[in-house]
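First chain A sits with chain B, and in the next complex the same chain sits with chain C.
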Partner chain A sequence: MKLEMGYFNIRDVVFGTGSKLDSGVLTIDRAALERLVLEDESIKSVVVDIARPGESVRITPVKDVIEPRTKVAGKGGIFPGVISNVETAGSGTTYALKGMAVVTAGRIVGFQEGIIDMTGPGAQYTPFSRLINVCMVCEPVESAERHVYEKAVRMAGLRAAAYIGSLAKDAVPDEIKVFETLPLMEGKAAFPNLPRVAYVQMLQSQGLLHDTYVYGVDVKRIVPTLLYPTELMDGAVISGNCVSACDKNTTYHHLNNPVVADLYEAHGKTLNFTGVIITNENVYLADKQRSSDWTAKLCKMLDLDGVIISQEGFGNPDTDLIMNCKKIEAEGIKTVIITDEYAGRDGKSQSLADSDPAATAVVTGGNANQVVLLPKLDKVIGTLDYVTKIAGGNENSIREEGIIEVELQVFTGATNELGFNTLSAR
Partner chain B sequence: MNFRVITNNPKVYRVYAKTCLVEYQKVSYQEVLLQVRHYVQQGCRILSHPLSGSVKPGEMPYKSIMISSQAAGVVDMESELLIEQCLAVCNSFSDAGRRWPACVLDDFQYIDYTLIASAVESARSLG
Partner chain C sequence: MTKLKAVHYINQFFAGIGGEETADYLPEIREGAVGPGLAFQQAFGDAAEITATVICGDTYFNEHPEDAQNQIVQMIATQQPDIFIAGPAFNAGRYGVACGMICDTVRQRLGIPVLTGMYEENPGADMFKTKVYITPTKNNAAGMRKAVQTMMPLALKLARQESIGASCEDGYMPNGVRVNFFEKERGSKRAVAMLVKKLAGKAFTTEYPMPVFDRVDPSPAVQDITKAKIALVTSGGIVPKGNPDHIEASSASRYGEYNLAGVRDLTADTYETAHGGYDPTYVNEDADRVLPVDVLRDLEAEGKIGSLYHTFYTTTGNGTAVASAKQFAAEIGRKLKNAGVDAVILTST
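Moving on to the complex of A and B:
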């Protein structure tokens, strides 16, 4: 499967009459975007705003971050099974608007959610501070149940990203890159001497508000399966995960998965990037056993030499991570696992809820309990009402002069377990 | 019914009391784990992960865990190891004396309920 990606470098985003993309400047018709969001009867109102890097702006509580994309040639469409029809995506030509994102925010539940600071010490902990963010703060109708509201905001964000992405359809991209994964036997013939490496992506699937969707299917209902890596770039996997801001994978992460990017970079040079296996992280232990057994079985069937495994979340998924790791290692296949840590504010506690001697190669996204002091910023998009309740905050979080003491886990994407963020011990 | 739900979540009790074996007690998150350990040491197996959900111990006041309703003659060592690991993790989190408003408690109950509901759905589909 071969996908040509066209990238547009977005220099600025402004509101104006008539949405358009012209020379790197994106103009958004605010009223048109609001109408698009309000198509869902569960959303009572929406406030659309723009936050730029360096501005004294705090966005919270963040639900999802989505990169605008559009399909210009080939089968299927963006966010297949959700926004587009369910036809298999990942081939042809797709355009992406780089340097910007759609950010959805709103009170799904009265705790958790994330912060994106556009300046100050908080900005360095979230990669989304470096993007121009089109923020949509959505309020539900009073009768909307939490899961209905979550779905409404999830869909509104995807509709907005597809709408904005479509503005690039007739423009010429600034850069083009081609990604290709050959069918198994052709790949083996093309790179006979290179180690065969696949990516096992564990997807959050514990229950409502902890969910992920593949081609529109709730991931807790799948058994492990194979994807071409390029399917991820067309939005085959989207986030419905509202909980644990620092290490949840937003839809932006799925579209721009750094494990996929780095494996493609090495593909044909030092390794043969064979494909992606997606699996779940259910709460029922028999589901865990089935999924980890099948993941190891698929790795063996693909005749792999190595596997990179990423997890999403904390606690329950640690068990899936270790089960996957030791079962794949038991098949004689080397693994590297990517996780993050909850090692306490002093960093001295046990980092993971599970472990095994087979897990000899571990990459960490950082300690989510690390304490950070945030200054007051001039403008809030959303509300600070939940800062005392979100993960890592508490009732003493807001100090004099508006300084907030929080743990790293409040920042959207801070300790991302795909390795998307840049925290380092160096 | 081949499973039992140990919970401190009144919503879980309200929803499942008539259709499942539910043991509800108004105790802490940690005490739910200790109760599960007690059952494991009597020979019950754990069926749902004790640290389900991304809301951490110390923040989340509610916990519901599914175990087998029948005790075997011997202790299931995987269950024993799992509950001990989870207790160790739980003990490393402090609740910092948080007091949650009623609306937030309601949200916590809802989240915990959705997590155990996904386990109940899996258990029922497997028979």
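Moving on to the complex of A and C:
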């Protein structure tokens, strides 16, 4: 499967009449975007705002971050099975608007959303401080239960990203990159001497608003399966998560999966990147056993030499991570796992909830319990009402002069377990 | 800027006094730098000065650790240094133990920063690396130059009381304290590089060596459940409405203990969850779903259990450090035992 990606470098985003993309400047018709969000009758109101890198702005409670994309050639569409019809995506041509994102926010669960600081010490921990963010703070109608509210905001974000992405349809991208994964046998013939490597991506599926969707299917209900890496670039996997902000994978992360990018980079040189195995992180033991058995089975079936396993979330999913690692290693296939740590505020506690001697190669995204002090910022997009309750905050989080003391946990994407960041720990 | 003051500790061999035959040399303080201290002094330049060197024979130190340390600490105290440096001891076992021990004692008694260096397999390393900063060195004195180069900047940082980076940044042995820092490459790139090395059978370094877990054997079965006093303990965050003790939604620093006397059923008006790791809608509707008080009251009335203990213990398991959980569990366990509780139902989410 072959996908051509066209990238547009977005230099600025402004409000104006008539949405358009012109020489790197994106104009958004605010009223049109608001109408698009309010199509969902569960959303009572929305406030749309723009936050730029370096501005004294704090965005919270952040639910999802999404990169605008659009399909210009080939089968299927963006976010297949959710926004577009359910048709296999990942081939043809897709355009992406780089340097910007749609950020959805709202008090869905309150303590399970995150913070994006656009400046100050907090900004270095969230990669989204480096993007121009079109923020949509969504309020639900009173009768909407949390899961209804979550779905409404999830869908609104995807609709907005697809709408903004479509503005690039007739423009000429700044850069084009081609990604190709050959069918198994052809791949083996093309790179007979390179180790065969796949990517095992664990998707958050603990339920109760810890959910992920693949082609519209709730990941709790899948058994491990195979994807071409390019399917992810078309939004085959989307986030429906309300979980600690630091190590949940936003839809932006799925679209720009760094493991996929870096395996493609090494593809044909030091390894043969054969594909992606997606699996879940269900809470029932039988599900954990089935999924890790099947993941190891698929690795063996693909005749792999090595895999990279990435995690999402912490605690309970640590058991899935270790089960996957142990069973894949037992098949004689080498593994590297990517995780993050909860070593306590003092860094002295053990970092994972499960372990095994088979996990000899670990990459860490850092200790999420590290405490940081954040100055007051001039403007808040959303509300600070949940800062004392958010995962990573506490009753003393708001201090004198508006200073906030929080753990890294609160920052969206801070200790990402796809290896999106440079933050680490020793 | 005023020069920082350092005191250096070496054994009789590095002081040029002699080998094994003089290893019972008594503690002595000399003005200025001696032996390897000269290399440190040169590396420090104008930033710091070794004002004194303490010399002690390895045999004397190891055979009279209390006396040796008392004397040495007194000698160091007179200098009022900003930093105390010992060694490096390379692979000399007794010297390494002496360096680690005197650093640990100086740190505790005088409250000044300390630093030593030794080979990773020196027995002193395992004994003291979680207590004092130890720079890894080669196994013999041929590694002196490199040891000084690594120790010097860390010594200055410590002397200036600056915050210390991760072990791989500041060149000390991993000491069990995880410290965040920014790598040059992002995690995914490091993972690919690590996998390529692992596949090729080349050496690679894991970023997190697997911890060793303690496993708890389950207690024997309760003899007669109809007589047993049963307690409820949860990591599901059930608290009286309003979360009176402000238990955190994640990374809990405390647990709560609440009285259940007269409580037959947890209702939406009386209890809720403080846990930040799941959709609380259904547990807030009926907290018995996580802390089954209603069912246990039924069993109590039916005579199927002896009684429900009048207090329940609760915290949030979400992102809570294992060390905190262990401490809570030890306290809660002690309290339950003292109260004569026979069995506990632990619920999570």
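Worth a mention:
One rule holds in what follows: the second predicted complex is superposed on the first by the 423 of 426 C-alpha atoms of A that agree within 3 Å, B and C clash if a C-alpha of one lies under 4 Å from a C-alpha of the other, contacts with A are read in each partner's own complex, and residues count from 1 in each chain.
We take it that a contact is a pair of C-beta atoms (placed from the backbone, for glycine too) under 8 Å apart; a residue touches a chain by one contact, two chains touch by 3 or more.
Keep in mind it's a predicted model, so treat the numbers as computed, not measured.
When the two complexes are overlaid on chain A, chain B and chain C occupy overlapping space and clash. Of the two partner chains placed by superposition, only chain C is touched by A:D356; chain B is not. In the superposition on chain A, A:L209 contacts both chain B and chain C. In the superposition on chain A, A:N280 contacts neither chain B nor chain C.
Of the two partner chains placed by the overlay, only chain B lies in contact with A:K288; chain C stays clear of it. The larger set of touched chain A residues comes from C, when the choice is between chain B and chain C.
When the two complexes are overlaid on their common chain A, residue A:T250 makes contact with neither chain B nor chain C.
When the two structures are aligned on the shared chain, A:L423 is found in touch with chain C, with no touch to chain B.
Of the two partner chains placed by the overlay, neither chain B nor chain C lies in contact with A:T70. In the superposition on chain A, A:F314 makes contact with both chain B and chain C.
In the superposed pair of complexes, A:I338 makes contact with chain C only, with no contact to chain B. Overlap of the chain B and chain C contact sets on chain A: residues 109, 111-112, 146-147, 206-210, 243-244, 314-315, 342, 344, 349-350, 353-354, 389, 391, 394-395.
Partner chain B is touched in their complex by these residues of chain A: 109-112, 146-147, 204, 206-210, 220, 241, 243-244, 248, 282-288, 313-316, 318-319, 342, 344, 349-350, 353-354, 389, 391, 394-396. Against chain C, the residues of chain A that register as touching in their complex are 109, 111-112, 124, 145-147, 195, 197, 206-210, 242-244, 258-259, 261-263, 265-266, 270-271, 305-308, 314-315, 334-336, 338-339, 341-357, 359-370, 389-395, 407-409, 416-426.
Chain B meets chain A in the complex at residues 46-49, 51-56, 59, 66, 82, 85-86, 88-89, 92-93, 96, 98-101, 103-104, 107-108, 110-111, 114-119, 122-123, 126.
Residues of chain C that touch chain A in their complex: 166-169, 174, 176-192, 194-196, 198-199, 204, 206-213, 246, 248-251, 253, 276-282, 317-324.
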